[in-house]
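Chain nomenclature is as follows: A, B, C and D, assigned in order of appearance, with residue numbering initiated at 1 for each chain independently.
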Amino acid sequence: MGQYLVRMLLQVVPVMFLISIIVFVLVHVTGDPVNLMLPETATEEDREILRAALGLDQPLYQQYFVYIKNVLQGDFGNSFHYGEPALPLVLERLPATFELAAVAMLIGIVIAVPCGMISAVKRNTVLDVIISFLSVIGKAMPNFWMGIMLILLFSVSLGLFPVSGRGGVEHIVLPAFTIGIGLAAQMTRLIRSNMLEILSQDYIRTARSKGLREVLVVGRHAFRNGLIPVVTIMSLQFTSLIGGTLVTETVFAWPGLGQLLVTSVNMRDMAVVQAAVFIIALVVIVCNMLTDVVYRYLDPRIKYN
Amino acid sequence: MKNSRLITVLLLVVLVLSACSGNNGNSSANNGGNSSTNSEAGNGGSDSGRTGDQAKLVIANSADIESFDPHNNNNTYSESVIINVFEYLVKNGENQEKVPGLATEWEMVDDTTWRFKLREGVTFHNGDPFTAADVKFSFERVAKDSSLKQNSYFKHITEVKIVNDYEVEFITEYPDPILLNRLSKMGAGILPAKYIEENGIESFLKNPIGTGPYKFSSWTKDDRVVLVKNESYYGDAPQWEEVTFRMIPEAATRVSELLTGGVDIITGVPVTDIERINGGEATKIEAATIQRVLHLLMRMTEGTVTADPLVREAIELAIDKQAIIDSIAGGMGTVTRTSVTPGNFGADPGLYETSLFDADKAKQLLQDAGYTNGGPEVTLSASTVYKEIAEVVAAMLTGVGFQVNLDILEPSKFTETYNSKGFKELFILGVGNSLFDASNNYNRFLLENAAGETDYNNPEVEELLQAALSNMNPEERAKQYQQVQQHIANDRPTIYLYQMQGVYGVNKRINFAPRLDEMFILDDIKLAN
Amino acid sequence: MSHLLEVNHLQTHFKTPDGILRAVNGVSFTVDAGETLAIVGESGSGKSVTSMSILGLVSDPGKVVGGEILFEGKNLLRLTKKEYRNMRGKAISVIFQEPMTSLNPIFTVGFQISEVLRTHYKLNRKAAKQRAIEMLDTVGIANAEKVYARYPHQLSGGMRQRVMIAIALVCQPKLLIADEPTTALDVTIQAQILELIQKLAKEQNTGVILITHDLGVVAEMADKVAVMYGGEIVEHASVEQIFHRPSHPYTQGLLASLPKIHEDEQRLYSLPGTVPNLLESSEGCTFAPRCKFASEACLQSKPRLALQGEQHWVSCLKAEEVRG
Amino acid sequence: MEQQIKKRKTTLWSLLWNSKLGSLGAIIVLFVVLVAIFAPWIAPYDPAALDPIKRLKPPFWMEGSLPEHLLGTDNLGRDILSRLIYGSRVSLIVGVGAVLVSGLVGTLLGLLAGYYGKWSNILIMRTADAFHAIPSLLLMLVMLAVVGPGLTTLIFVIGLTNWVSYARVVRGEVLSIKERDFVRAARAAGASNARMLFKHILPNIMSTFIVLSGMNVATTILMESSLSFLGLGIKPPDVSWGTMLSDGKQYIATSWWVSTFPGLAITITVLGVIFLGDWLRDVLDPRMKAND
């Protein structure tokens, strides 16, 4: 186990290194931030001074080394928009996005697991067709569209939930559902096809031949096996949510990472973008490793070798 | 046995995840000091901050403030919020006349020296007294540090001399007829010298203090700024216990918040929602003219089609500005042939509330200019903010025979191109004026500034503008600017589409009169009855 | 005398988009306690569907549409779902062909054995474990206690099949269906497993239906043999009769390839032609297209299962000619 | 024999016919493709022709509608039906174009990684991991901010951020195909690398490629609308469903038709693509699960 973790960590380093290069290149092709940082009245001289101050007059490889050195010390530079260090700016947004992603995920699971299983067990019945159809529609609807609709329906017309912002439990319902419905749609499809495959396995036939009740056959023997690939997919979806909630965050004025990213990209606030990409990448990698551990725990066939 | 194992795994995952987010919270608490603890207070207070609570006000803007540093801010949203925390020496009165703020009296000693008497008995939010040292500190900071966004407005202030604790002298590099205007705009906010020198600017920005009627409570970025009443304010007692500025980027969401009573005032109401808000039981629309005038700037560089005055005239005549206002702006706008609108120094009323439109003549002009088959090809650039307007303008130009390439740029790309003077023939620019002075409008046509942008070059105008820059005689100076306006209207390095209005949605429990300068002066916002 | 199991004119059909597939088309046979019936045939002949029909586990889109299955005189097809479920694993058990995939990979073998006990006898955890370990011991697994906590992937194929046998026999069923129980195993293991099944069946006086395509196995184990072809039984007799006096050309074909079995199983099926299309109901004998004895008559009318000697049933118009 | 060949030819069609959802998907996709191709002949108006006076007129069955604008007009008085018809072009071009780009890049890299292995494998797969760890929408945001939006850039930006799934799947396929007998035999017979790749391996991963692409077209169409929402979509005078939808979002409460029709168009098209894709998956590659 320990050895396994060490090996995983050894894999993470080159990936993070590659990410640093991708990010560095991206940021440097975005061009000269100086034009955006200074007011329109600034002279060419002002620009030169700022460029030198930012180290932008150095050769590219040198800039990269300086950058890597700083990053290793946890210094991603200052956000020129906020005039504060970039890393804490990113970190203080993480909880909001985490919260949203986690609740959305939960909603997705709560909807998708029963729907997917019913759909598979009752395959080709009317119920299955309805669930399949709804899940395809859920997947095909653009996120922001659904968000605005939910606001109009549940807040403006019915007055059940607050429109936007982050606050009490009632605030998270609509944004989490906006994301959760999309997730549920995808997961339902996945769980259905997974369960279908598992229900045709020999050991399900064995379980039935033992005289087990169908609930146990499905709930114990099929579900547990069906869970294994679903865990992987859920982790994939969760990690993609960390950077992927930005549309929903904008609609619901949810102060998470997504909003910070949109603002920062629009402002060319590259220190923040870099820090955010790094942090997200790190979260993704950590989640992947955790998934791996859970996966191994769930499936006794996989050993740590 | 198996189940318990599964549960353990799931619990473990949840624990690790929550530990992760917990850590992040902690680390931001370490780095963010007060802001993170405060943000929780802010969140908790949000429900009680909803309308209905008499002493609490919630305002929704479309963008977050940039920072609590009044010297390092460059947008109106920021100023409209922090103007309640940091005060200026001089304030704008109802008709933009200068009235006492933190300075009670002022006089011009000579062309480059101004003396200000400071208000006594004023304290910062931490209890420190406000004195001449704070004025010196504040202005020398913004004048000397070129990395501050407001620096360029103040860099000609060479020194602030302390005469005594309550008297200062401003020394400028050259005669500045609009120094008072500068002292009443963003960038002129007074910071606490002692506090900053003791704690450093970073710590100050996390827990900013000023002299204003409202104190900083919390700022959750991209979410909300919460201000609370300054109990020891020297002026009339502030009337709101707590004011929350929320950041809601989506217009549809802002409107929904207003309609459901989540907020009291929203900015940037889409014109199509005006009827809906006015029809709402508890909501109404308030609109007011603002300083922003939409320009259509034209490149006069040798060799471009818009170098031909006939073409430029055709462009002005081709565009039906009133129609644009009536449709896209929902009637909320004023046509103008100058950007120095009423309320600004040097305005020429003869050019206001008037516009030229004659599509037939525009066609004729193009014929005269030699475009007999196929009109000239022009590229029209605009930011996505003005996308609709650009589309209509393009259609109108196409209508009289132009071949228009529409070039819509995402805002920061637009700013980048603008700052590097990279536009082709035409571009649309919204220009505000926080100085309330014609110089702010016309300095772009100074030879030096116009080079590469419009390449406007009229020696007469250049002479007038240069003279007005440091002319300390107001009447003469106003005349000079009025002459410039006539020239610009004839030369057309730019034409004006219209002067915009700020459209606000307001809960009926509130009386709110929107301002020309788009500020939220919180104590002017009152509970109805 | 009433038989342990009596299957009469069993018909199991599958609905497919292309029409109705008659997988089992009027099959009848009997099994007595302590007796072993072997059902032989190529894959697709309907022998597995027959066994699943008896277990009541024919899955969609298949359905038992006719006939009766009398178990101890009771018609299983009339049972409620619950009654049927209570029979499965207790009175009637099954051993499947694939020990590799027939055990659930994420549960310990112990759990999977005691699960049956707990389902049918409401035993508590401890008692079930006790009994399961005994059973593991019975099926010849050394270190039963350790193996109890193992996962299937940690066991060899032969061990897993022993576990399957343990699961099937732990409730001492009256009827055991062994569906090609040794096909997937090494030749050396095969014999051990068969021996084990035989031994335990004798001890418990269990009736066994052995489904196989391996005539060698049949010779060793069976008392009676039913040869299936195209969803029908084409020959049904005692094991001696089948081996000494095969009366159906298909049985003969199977026997003819017998010596080669141990070299390469593939050659068992080297009969000319292919498995019949069960979608089209032919008027004549289903085997006729592949039969070297076939005549016009064979293509015209369908033969019926007819007594051709003592307890020897054959469904062939030319049975006498075939027997030679 | 002849009969068998005939049977095989009809198989695909009859299979499609037998799958109700599959044929529904095929009909939808075919319809959209035809509309896109024949847009200039079908559309009643120039999609860019505006008339601010006739703005925000409702569709024909509602009060205040104009008979000449069947589905009403948008915020600038443009004909929504015409814009929908023309918008299908951009949505399809972006959808298919981006998928082709990511398919080509991903397949190529996947082939390299799988076939040559060793260093190219490590480098490519680690890069894939790195790309995977960066949220794709963010990547697109940055790239679009650099290049500036436009049809071509949109295709390339979406395409270049989505290559990872292709690379992974193709590499996996190549690894398993490489071990199959016919490939080993060909290699033993001295087939060149190029010949191996193009003659033996590429044809074998075609079905995987098609199945994956079906899924991706749907995702891409949705992505285009998300980018439009963030202000980085197609710029006028070009029109896409995504831009129509996001332009109309502020009129949802007052003039629902402006955004509802493009929203429906996207939903229905994606529905069609998914149905068709599911069916293709079932037919071509039953092993693959809906891992989109």
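Here is the rule we use: a contact is a pair of C-beta atoms (placed from the backbone, for glycine too) under 8 Å apart; a residue touches a chain by one contact, two chains touch by 3 or more.
Computed from a predicted structure; not experimentally measured.
Q: Along touching chains only, what is the step distance from chain A to chain C?
A: Minimal hop count between chain A and chain C: 1.
Q: Count the C-beta contact pairs for B-D and for A-D, then tell me which is higher.
A: More contacting C-beta pairs are found at A-D.
Q: Using only alpha carbons, which chain's centroid is the nearest to the whole structure's centroid?
A: A
Q: For chain D, which other chain has the most distant CA centre?
A: Computed centres place C farthest from chain D.
Q: I'd like to verify one number: the distance from the centre of chain B to the centre of chain D, where each centre is the average of its C-alpha atoms, in whole angstrom.
A: Between these chains, centre-to-centre, one finds 42 Å.
Q: Using CA atom averages as chain centres, what separation in Å is found between chain C and chain D?
A: Each chain's C-alpha centroid was found; their separation is 51 Å.
Q: From the mean C-alpha coordinate of chain A to that of chain D, what's the distance rounded to whole Å?
A: Roughly 22 Å, centre to centre.
Q: I'd like to verify one number: the distance from the centre of chain A to the centre of chain B, where each centre is the average of its C-alpha atoms, in whole angstrom.
A: A distance of 35 Å separates the two centres.
Q: Give the residues of chain D that touch two or more other chains, as numbers and ranges in rising order.
A: Within chain D, residues 145, 249, 252-253 contact more than one other chain.
Q: Residues of chain C that contact two or more other chains, please.
A: 107
Q: Could you say which residues in chain B touch two or more other chains, in rising order?
A: Only 2, 250, 252, 256, 410-412 qualify.
Q: In the complex of these two chains, what residues of chain B are touching chain D?
A: 250-252, 255-256, 270, 272-273, 275-276, 323-324, 326-328, 384, 387-388, 390-392, 394-395, 406-413
Q: Tell me, which parts of chain D touch chain B in their complex?
A: Touching chain B: residues 48-50, 52-53, 55-56, 75-77, 144-145, 148-149, 231-232, 235-237, 249-255 of chain D.
Q: Could you list, by residue number, the parts of chain A that touch chain B in their complex?
A: Within the complex, chain A contacts chain B at residues 31-32, 35-36, 38-42, 46, 49-50, 53, 81-85, 87-89, 91-95, 98-99, 102, 148, 151-152, 155-156, 159, 162-168, 224, 250-253, 255, 259-260, 263, 266-268, 283, 286, 290, 294, 297-298.
Q: For the complex, give me every residue of chain A touching chain D.
A: That would be residues 14-16, 18-19, 22-23, 26-27, 29-31, 136-137, 139-145, 148-149, 152, 156, 186, 189-190, 192-194, 197, 229, 233, 239-240, 242-244, 246-247, 250, 261-262, 265-266, 268, 273, 276-277, 280-281, 284-285 of chain A.
Q: List the residues on chain D that touch chain A in their complex, please.
A: Counting only chain D, the residues touching chain A are 126-127, 129-139, 141-143, 145-146, 218, 222, 225-226, 229-230, 242, 245-246, 249, 252-253, 259, 263, 266-268, 270-271, 274-275, 289-292.
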